[in-house]
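There's a structure below that I have some questions on.
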Amino acid sequence: MAFPSGSLGYWLRRRLGMSEVRREKFVLAMKRLNEILDAVIHHRMGGIGLGILSFFVTLAIIAPFLPIPAPQYSFTDGQGRYLATVDPSWEHPFGTDQNGRDILSRVIWGSRISLVVGLMASVIAAVLGTLVGLISGYWGGWRDEVLMRVNDILLSLPWLALLIVLAQILGGTLSLNVIILTIGLTSWNFTARVVRAQVLSVRERVFVERAKASGASSLSILRKHIFPNVFPLVFANTILTVAVAILSESTLAFLGKVDITNLSWGVVLEDAFGSSAAINGHWAWIIMPGLALVFVILGFSLLGYALDEILNPKLRER
Amino acid sequence: MTPTALIEVDHLKTYFDTRSGTVRAVDDVSWKLEKGESLGLAGESGCGKTTTALSIIRLLPKNGRVIGGHIQYAGKDLATLKESDLRKIRWKHIAIVFQGAMNALNPVKRVSWQIAEAITIHDVVASDEAETRVDELLELVGINPKRKDDYPHEFSGGMRQRVMIAMALACRPKIIIADEPVTALDVMIQAQILELLQRLREELDLSMILISHDLSVIAETCDKVAIMYGGKIAEYGPAEEVFLEPQHPYTQGLIRSFPDIYGPRDLPPWIPGQPPNLLEPPAGCRFHPRCPQAFADCQVRDPPLFETGKDHVAACLLRAPHT
Amino acid sequence: MSEIQRVILRRLRNAMITIFGIITLNFFLINVMGNPLDLISRAPNVSPDIRKNTCIRLGLCDQDGNALDLLTRFVNYIQNFFTGNMGTSFNWKDTPVVDVIIPALGWTLLLIGTSTVITIIIGMVLGAISAQQRGKPFDIAATGFSLFFYGMPFFWLALMMQLGFTKQEFGLNWWPVFPSGQQYDFTIPVFNWGNIDHVMNALYHIVLPAATLSLGTVAGVSLVMRNSLIDAMTEDYVVTARAKGLPERLILRRHVLPNGLPPMVTLIALDMAFIFGGAYQVEYVFSYRGIGWVTIEAINAFDFPVLQFVVVLGGIAVVVANFVADLILLKIDPRIKVA
């Protein structure tokens, strides 16, 4: 049980001073979350995804406590030169980069930025996408047309190029906040489409008509009827968006448009490319950060796919 | 010795392998269909009536298998026949009309193409001859042949059902299986389709197996009826007899739950409880948990079909011959 | 006017609006984010005359050397756009933007074309077999493989290909080796098919980039194909077809595939943007002188005219691809009537 529904939950609710009705809803919500968690773990793909992600998140969190050298520390040989591009050995399991820094350490530390950027950017994208989708789907009309055209335009532009341009203009590299913001602002398209479709289908359902007939305001309909039907979908979709966001950040880093003090997997790979690691055969330098990226993206994809199946009853029949 | 029936199902058992275990969907079912007759398979959802019919032409989903029994037709046992031989029997001898023909027709192919396909699979026929046959068939079921190049979604529910019937008749089969042919339609259309089926039966000398959970449909159209429950046959006999003098408590319960148009304006009694779990059916008689007339022995002995009249049998210990 | 025609016209109208939006947005994004004149001014030791001439040449000033304001520049931009005048590149001195981009476009189209063809063929076949063998070892292996490669960063895949195939690995002398880039003379136009040496050399240089692009996209195609076919396979009309006595092979061909294909068309159209993004990365890693490479060079050199044109081109390509996909869908799926 990961979500507090038993006595811990009760204590929480007392502390938060919730009214009786709210407490009921809280209990139900926690129970549902636990159900979903169980379903995910038992779903073959979801379980694997969750496992992979737990591993990487844990790694990211405990990085400072691991017995590994600091990621920016440059090892030197006896004569004061960088111990550069050494092959994997006991001391440096993944070898060292062009400045003598230990690659294993950089990969472990890099997970922090990669994950954080991915998560925060996708939250922005999710919020924006949901808002747009809700407005577009619920009110329709000209708002819908306008938003959809904007969506089309943004979807079609090679935003990666624009991002890079932005980076260049801002002085060559982007800071962390700017990156998170821009990735978030350009990834909301898909979520908006999905939310819009869902809102359109929910809007036509009988209970919404009934709510309107009994005089409920638009806002309350949105809150009580439409949002609960849309939220699970958004959640599953957001997980997939995280994968995309992580991918985007690593691509930007690889192309050198990121402030390299924000160590991410893309930065490590950028170093590798810049030092012609592929041509010189430094395989660990290339393979390891890349595998980390691939597995994290895989984890999110599997989790998102599993959640989608679990939360979308139509798909379950397959 | 009675002449052999057109098709005879003998102790058929069809099970499904699922993640939770083996579902005994059809558990020892036997009935006969004579030439020109119509047999109704009735029962609640999940009692095994559709599975029985699908087992005859082996249209079961991947996890279903016929694990026992025989299906005698034209001197062959369809249960053990090779797939390639069975394919020749499908449609040409035994055709099936599915329920909810919404999805039973391919949405991206024209109706004429689909009917013609049925013809050309089994007979080598020139395309214009096939066209003429398609026209004839459509007229037979009351559809304007000019619409033959339309797509399924361009027809209404009732007309789609007629198209399915036309398609089923394409190879002039001997037996038609109609699986809930009118369930998804409104009452007026129901009457039309049933009338159509009746007329076709007479004109083309068809034998029919009609599956429905709606007893009124069966009562109207069938000569014989087999009431199924929990994968087994509860009662089997001539339709009139079974409906007017039901011998099995389940049948009695079903009939009683029909409101009588002349009777008192009360809610008719219904049968309490749920249909049995076919993964682990109850011991003894499958109906005993819901039966108002159950007694001790019912929990232990699974009753075979006892004779209660001429060609009328019921699987109830109450009907056991008193010795 | 028939229903279909009306729908097509509406889609066309939307496409036009989108394209115009792209053109406009493109100008503002690139020019508002930084005044090109400022950037040029940063260069030291530039005499006012040269500065003035450059300013005029680049369309940032009028005849007298006064800086033009944004709105005037925009109007000029639109006028120039529709007369085909894209300006002159900052970076590649005095070469019209169009001449910089069109040859590069040719190379990129060659790359994308080859890999898309490979991807579609392999992806669809893989997906179809997976669907048929659902649950069996082949399916599990193929789906696992697809999931692994799905969403894999193109640049990393490119690096891996370079790592593995540019040298003889493990001392095996039959290990295939391909060039990592750079050495090829990309100024020879791509359509110079007469010279056989040139063609062979070109192909030799395309293998790794194309393989990378294909590997990255085949996963998505195969997964969607598989799901789409499985959806179709579980439909009732397949049971009807089997009941008619059709053998499995024909059921697949006549009933499952025609229903499973429409989602694929949508997917491939949507993938176009994705493939372009991937092409940029692949070209960068392999120094393959296509549009992607040109773009990145242009960015590094603040070459705004080139950038403007590239971005617009990319956007228009995506819109056109989607429009064409819509048209194809309208033709092959009789169920689609109104948007």
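In order of appearance the chains are A, B and C, and numbering begins at 1 in each one.
The working rule: a residue touches a chain if its C-beta (ideal position, glycine included) is under 8 Å from a C-beta of that chain, and two chains touch if they have at least 3 such contacts.
Nothing here was measured: the structure is a model prediction, and the numbers come from that model.
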Problem - Higher-contact pair (C-beta pairs counted), B-C versus A-C - result: A-C
Practice task
Could you find the chain whose CA centre sits the greatest distance from that of subunit A?
Solution key: B
Fill in the blank from the handout: Note: subunit B sits from subunit A at a C-alpha centroid distance in Å of 53
Practice task
Round to the nearest whole Å and give the separation of the Cα centres of subunit B and subunit C.
Solution key: 55
Problem - Euclidean distance of C-alpha centroids - subunit A vs subunit C, Å - result: 25
Handout entry: Residues of subunit C touching at least two other chains
Key = none
Practice task
Would you pick out the residues of subunit B that each touch at least 2 other chains?
Solution key: none
Completion exercise
Counting only contacts in the complex, subunit A reaches subunit C at residues 45, 149-150, 152-153, 155-158, 160-162, 164-166, 168-169, 243-244, 247, 250-251, 254-255, 269, 272-273, 277-279, 281, 283, 286-287, 290, 293-294, 297-298, 301-302, 318
Exercise for the section: Spell out the residues on subunit C that touch subunit A in their complex, using ranges where they run on. Expected result: 14, 17-18, 21-22, 25-26, 29-30, 33-34, 147-148, 150-156, 159-160, 162-163, 166-167, 180, 230-231, 234, 273, 276-277, 280-281, 284-285, 295-296, 299-300, 302, 307, 310-311, 314-316, 318-319, 322
Handout entry: subunit B-facing residues of subunit C, complex
Key = 235-237, 239-247, 254-255, 258-259, 332-335
Exercise for the section: Would you tell me which residues of subunit B are touching subunit C in their complex? Expected result: 57, 59, 87-92, 95-96, 98, 100, 103-109, 117-118, 121-122, 151, 153
